[in-house]
Amino acid sequence: MSVPLREVLAALDARYDPALAESWDAVGLVCGDPDQPVRRVVFAVDPISAVVDDVLAAGAELLVTHHPLLLTPVHGVPADDPKGRLIHRLIRGNSALFVAHTNADRAADHGVNDALAAVLGLRDTVPLDPTDDDPRAGLGRVGELDQAIPLREFAARAAAALPVTVGGVRAAGDPERPVRRVAVCGGSGGLLIDAAVAAGADVFLTSDLKHHIVSEWQQSTPLAACDVAHFATEWPWLPVAADLLHRDLSGRVEVAVSRRRTDPWTWHEGTNGVPAGRSAG
Amino acid sequence: MSVPLREVLAALDARYDPALAESWDAVGLVCGDPDQPVRRVVFAVDPISAVVDDVLAAGAELLVTHHPLLLTPVHGVPADDPKGRLIHRLIRGNSALFVAHTNADRAADHGVNDALAAVLGLRDTVPLDPTDDDPRAGLGRVGELDQAIPLREFAARAAAALPVTVGGVRAAGDPERPVRRVAVCGGSGGLLIDAAVAAGADVFLTSDLKHHIVSEWQQSTPLAACDVAHFATEWPWLPVAADLLHRDLSGRVEVAVSRRRTDPWTWHEGTNGVPAGRSAG
Amino acid sequence: MSVPLREVLAALDARYDPALAESWDAVGLVCGDPDQPVRRVVFAVDPISAVVDDVLAAGAELLVTHHPLLLTPVHGVPADDPKGRLIHRLIRGNSALFVAHTNADRAADHGVNDALAAVLGLRDTVPLDPTDDDPRAGLGRVGELDQAIPLREFAARAAAALPVTVGGVRAAGDPERPVRRVAVCGGSGGLLIDAAVAAGADVFLTSDLKHHIVSEWQQSTPLAACDVAHFATEWPWLPVAADLLHRDLSGRVEVAVSRRRTDPWTWHEGTNGVPAGRSAG
Amino acid sequence: MSVPLREVLAALDARYDPALAESWDAVGLVCGDPDQPVRRVVFAVDPISAVVDDVLAAGAELLVTHHPLLLTPVHGVPADDPKGRLIHRLIRGNSALFVAHTNADRAADHGVNDALAAVLGLRDTVPLDPTDDDPRAGLGRVGELDQAIPLREFAARAAAALPVTVGGVRAAGDPERPVRRVAVCGGSGGLLIDAAVAAGADVFLTSDLKHHIVSEWQQSTPLAACDVAHFATEWPWLPVAADLLHRDLSGRVEVAVSRRRTDPWTWHEGTNGVPAGRSAG
Amino acid sequence: MSVPLREVLAALDARYDPALAESWDAVGLVCGDPDQPVRRVVFAVDPISAVVDDVLAAGAELLVTHHPLLLTPVHGVPADDPKGRLIHRLIRGNSALFVAHTNADRAADHGVNDALAAVLGLRDTVPLDPTDDDPRAGLGRVGELDQAIPLREFAARAAAALPVTVGGVRAAGDPERPVRRVAVCGGSGGLLIDAAVAAGADVFLTSDLKHHIVSEWQQSTPLAACDVAHFATEWPWLPVAADLLHRDLSGRVEVAVSRRRTDPWTWHEGTNGVPAGRSAG
Amino acid sequence: MSVPLREVLAALDARYDPALAESWDAVGLVCGDPDQPVRRVVFAVDPISAVVDDVLAAGAELLVTHHPLLLTPVHGVPADDPKGRLIHRLIRGNSALFVAHTNADRAADHGVNDALAAVLGLRDTVPLDPTDDDPRAGLGRVGELDQAIPLREFAARAAAALPVTVGGVRAAGDPERPVRRVAVCGGSGGLLIDAAVAAGADVFLTSDLKHHIVSEWQQSTPLAACDVAHFATEWPWLPVAADLLHRDLSGRVEVAVSRRRTDPWTWHEGTNGVPAGRSAG
């Protein structure tokens, strides 16, 4: 049993409309022929070499990733470049590569941010930055926990709910401060801080937060911060999207989520839970 | 015993030449009157509210910070803005604020990067990106450990040598890989990766590394990565600069390093030392 | 009797909506704390040193000026810079500084241009460049004198009605030409010439007119020009705004208009009234 | 006796090298045929209608002006545009138009700034902003009076030495302050204030000075200001250039300076010599 | 019998609204006086020297061209520049020059593209790129031939219908391929290829097609191409516009179409009709 | 017998230094693995589908083209895009693609322009626009024919010497004008007209000349023009480069020049040799 790639791509585009992507983004088909049949589809966060190893070993004809392989456009795909080598391996292995990035972030109901909010147990979520056309679509989500819990407990809950990474979960703000209203943004969400404040959130969980932005934020608002691995905020979307595709195609393709941890960090050292404000010297 | 502020600033400028600062930077005197006397100087990484509390409590007439208060220029300093409030408190408390930022990063021999390399035990260091005029000045440093050690041991050594922070030290690359040649850059050093590769480093330690840059880097080079708190990479410079000023002014001013940990992160959750490449699901 | 600064600022913003300001402008609170009480307010055109002397001598807690102190944004307010020194003196003297600039120019009914038109005796005035939302708001005004008078007589009337300045009033065009419909623009109005022509004005009075713009204008249209000191065109607004604030706060603050002439010109030499077109040699 | 226009232009270019002009400037031949003979040349500051009347009445085949007719480039010269009409009249009247603008400003020894400095009696003049190639060429001049005189007396001397204009001479600074070292810049010289300060001048005379620049300048430096009509600062160059051309061509063309006053201002009202700092109300 | 130039221009503007021109274009009156009488008008594609010879020989007071003389704006029109020389000759010969360029391209019903479509026998034409306001106005036209003919026959028909030029007509695509739906664009129409594809055209005829654009186009779409001389695509408009003006002014001016071929190419060598895909060596 | 692709590329780079390419160009390896062996190399002007057919049919492991496949950089190479399809076919067929474009244009002695000048019989050639470092390298060439011949005869000679194309050779200028000094530029050389004038050329042969540039050029200079197919000007380089590579690798690879005519034009209609200046109507 197989489905033409063209039909699989149409099903993905129907859920993750490419028109929702940022103007600078690079979504859609990266390599592969829409006329070829697909039996098996693998979902992963990053199109890296180890993921491609697994895709080829599994004989999957399609790899769907969240991150673009060629966000910076290229004049060639020579095999002595790491990205070009992936292209050569995929084409020779008859595997296509498809990207759903900021369109999957913004999509309503089954998007990256919906999946992240769901694993954290948020209810009544709405986008932090809704699109003009659909109040359920847009970047980030904000919703409520069942009850208020201390910030340190929320951090522990996030660490338990998300894929384990070496970096774990960092929080900024008074660890005992109760939080109930939670804003989240899968990936690098630093630009949505003002939206999180405006939404009345108690804490904002996202990734790739840099020192200056968090330092200024903690000086000017009571909103607490949680920083987790970029990979970990987007991984929860993979099983959601895989199941959805399986159902949308009435089970005519097999789907799988790559078990590769594509977070690049491999080791961690240092003390947990240093009390806030301890002296440095 | 006191020294006119003008003379203190001249001593600082002599060590940390403002001409070394980036064109976008904002170094020098932020508030205060060069004609007023100074008896006590406090050094800190960030000009935040808690640091100003200590400066005023100590009766210091000058606060020297590494980070600018007003990197984004302003049309006013009203007291209902967090930064304007600091200005009001400093002016009313008769304390000046002075910034040595990218000029302190680039300075030769006693700069931020020299201090970071020294606490990590590097020898024979040279800048990663030397200035045109002085081969000992410039951004970053690269040098040698006494002997090669596994990456995980290097991470542990960094955790021990730098101020304790909740986030600790993260590493990317095979934890058992031996490293001897070490590149460092205080603050956000992501733009110096190519220079670290060109310098033949085995590992590059810096801060504020984002997912995409590390992921691409680990796909394309064998250079390992270490990420530590931005604050922790710059703190080692504080006692160096304080002692130097004390000596340059022949002991006529008292100097102190603020004991405030200005890293904004206050809590951490999650497992240390997850084996590399473990599956995510 | 006093009013919190916050309440005074709200009253000023209600009359001079900051949303009317140009995007490049710098209006609002420059220094001072909205929580502090205000008993006395001084109004002036320019925030210069002599004006601040008077404000502090009078014990006023608020100075309202038309011109911004920090139109070009700054990275610091050190006291060895003239503007930084004013900030230090105001903060130490417990005086706030507030700016209403292009929002006061554009405001309806009680704005800078209304006040200028009123002292010149214009009737039935409307803006030269109305805003989209309010036909009574906008830059410049055009209106009618009671009867047509020669240009030279209009110049004499302007000289009598406006604050005395060393530069007086210059006119371009035939001195005997009758004028009745008059366009005005407080401050530097050279960009509104086309609007003045379109409005059917006989003469346009403004300030800071440069040679090339007037020379081209006199070659291409019959519209006469009057140039007066920038300060003199904006001064008439001060008593209007002061009285209005006094009334809006039901007399709970004292108001005063600074008597400093902040026009920088101090001396004048040369013959008045040279006949037009006289030979130069 | 006549000279081909081509030869006249070569003589002018030899004194006023077009390579000295600003990149945005528009110098050289505006209309006319280099192959036609020239018997008479008229010099004027501005190419305005009244000047062209005189040129055509005098039967001059060449008009040399300091200001460009078409500084803003055009897609056509139709006769219902004031500038296009001048082009039609000149072409039909067999008169050429040639412009020497910023090249004449910068030229050494016989340039616009040399002529201005000379009529004010300055000695040992050098450029305020020298060119890279010739220390005697460049914008502005700074030199010495024979002896120090009060600012008010200097203003009176300038009023007497320059062509009479309705606006006369305005000064900023203490009228009794002695001045000896004098900076000048023909035309709009506001951008050279820093150079005038750096040159140690006591006073800077130029034209088209706007309020904000003079107000800030008077708050930050002791340098006095004199503002005169733009036309008046450039007129002194006309007889210098006319005589030079006559000599350079061995008397083979007649030369004349237009006696038209091309300053657009025609009338003045208001008191002279108001004491500095007088109150405004 | 004569008509004021102003009235002639108004009639042309009524048919070829200058508001339809591109923002970068330069249409309207280039030289001449709207108050002068016009008896005879000549129409041509290009304002070149040979055309001006004919205009002056014919004593016509107005030349109307499709191409601007001064598309790149100028700071002068000296007679030693080819374009300035034309201006001198026209002004001295009392002939005006008027341009209708992209406004004539876009105009409805009697525009350049309508005339081109008409001589090729197209029916039911509509613009390829309609304006927002008028569905009959816009760039390019697409319409139908009476019946499908082979591409080579269409090329031969175009060669017969358009003015003879040395370059003739080149076609790309299978010469035997039938074409019926035809897109055209007078002048350089390379940017409208996507619109021609979207309009379902079989062939697109325009001029100035460069190698890379045609090569990519032939690799990616079945749309055939025809390239003819730029001059030849615009010439058909001349008699249309001339007749229209004559009628609009009730015969009060004489009109003529210049018989000058202003295509710059003068000679051709090389074989016609080489079979497609022949080897090159 | 085979050579690693890496070594073949090194030989090509040694002759056609990539540092000579324009900053906007896209030269070098487009697809393929430098570690694979190469036995046969094919050279062509354009990387189009028919050329790839031949390369794969011939079993060549490397295609060298003059024109880039991906001059506009891409975010993917999907097989439903014409360029992506070529990439898929080449990778699956084990054929690499390498581009030498503006570096081959500029290269000394064996470059595109040298080859073009040679087939036209020019002697003593030098670049029209030499590089800073090498007087023999640069864009275009200018040299001498053995003796002067009429322009029409030069056009016939070019038609005979270059590959036959349907468009043949067009000339602008008097067909009888003698030409001896000849400038050439392979590809689109319109920007080198001024250089050709400065070099004293009688005629400039290049391709892709558009109407406006030739029309202005013929109005302002006596330089004649010849326009030939872009493909035809670059084809002569193919055998030169192929032979050179064969020799540089001591015959260890087979080389061949593709016999595909990649000029996209397939048909021509219209009269040759219309006399210059014939009327159009």
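All chains are identified by letter, namely A, B, C, D, E and F, in their written order; residue positions are counted from 1 within each chain.
One rule holds in what follows: contacts are C-beta pairs under 8 Å (C-beta built on N, C-alpha and C of every residue); 3 or more make two chains touch, one makes a residue touch a chain.
Values in this document were obtained by computation on a predicted structure and should not be read as measured data.
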Hey, what chains does chain C share as contacts with chain D?
none
Residue numbers at the chain A-chain F contact, same meaning over half shared and different meaning under half, come out as same
How many degrees of rotation bring the Cα atoms of chain B onto the matching Cα atoms of chain C, given to the nearest 5?
180
Centroid of chain C to centroid of chain E, CA atoms only: how many Å?
55
Chain A to chain B, mean C-alpha position gap in Å, rounds to 31
Chain C contacts chain B in the complex at 26, 28-35, 68-71, 73-80, 84-85, 87-88, 91-92, 96-97
Interfacial residue positions of chain E with respect to chain F in the complex:
46, 48-50, 67, 82, 151-152, 155-156, 158-159, 163-175, 187-188, 207-208, 210-212, 214-220, 225, 227, 229-231, 235, 257, 259-274, 276-281
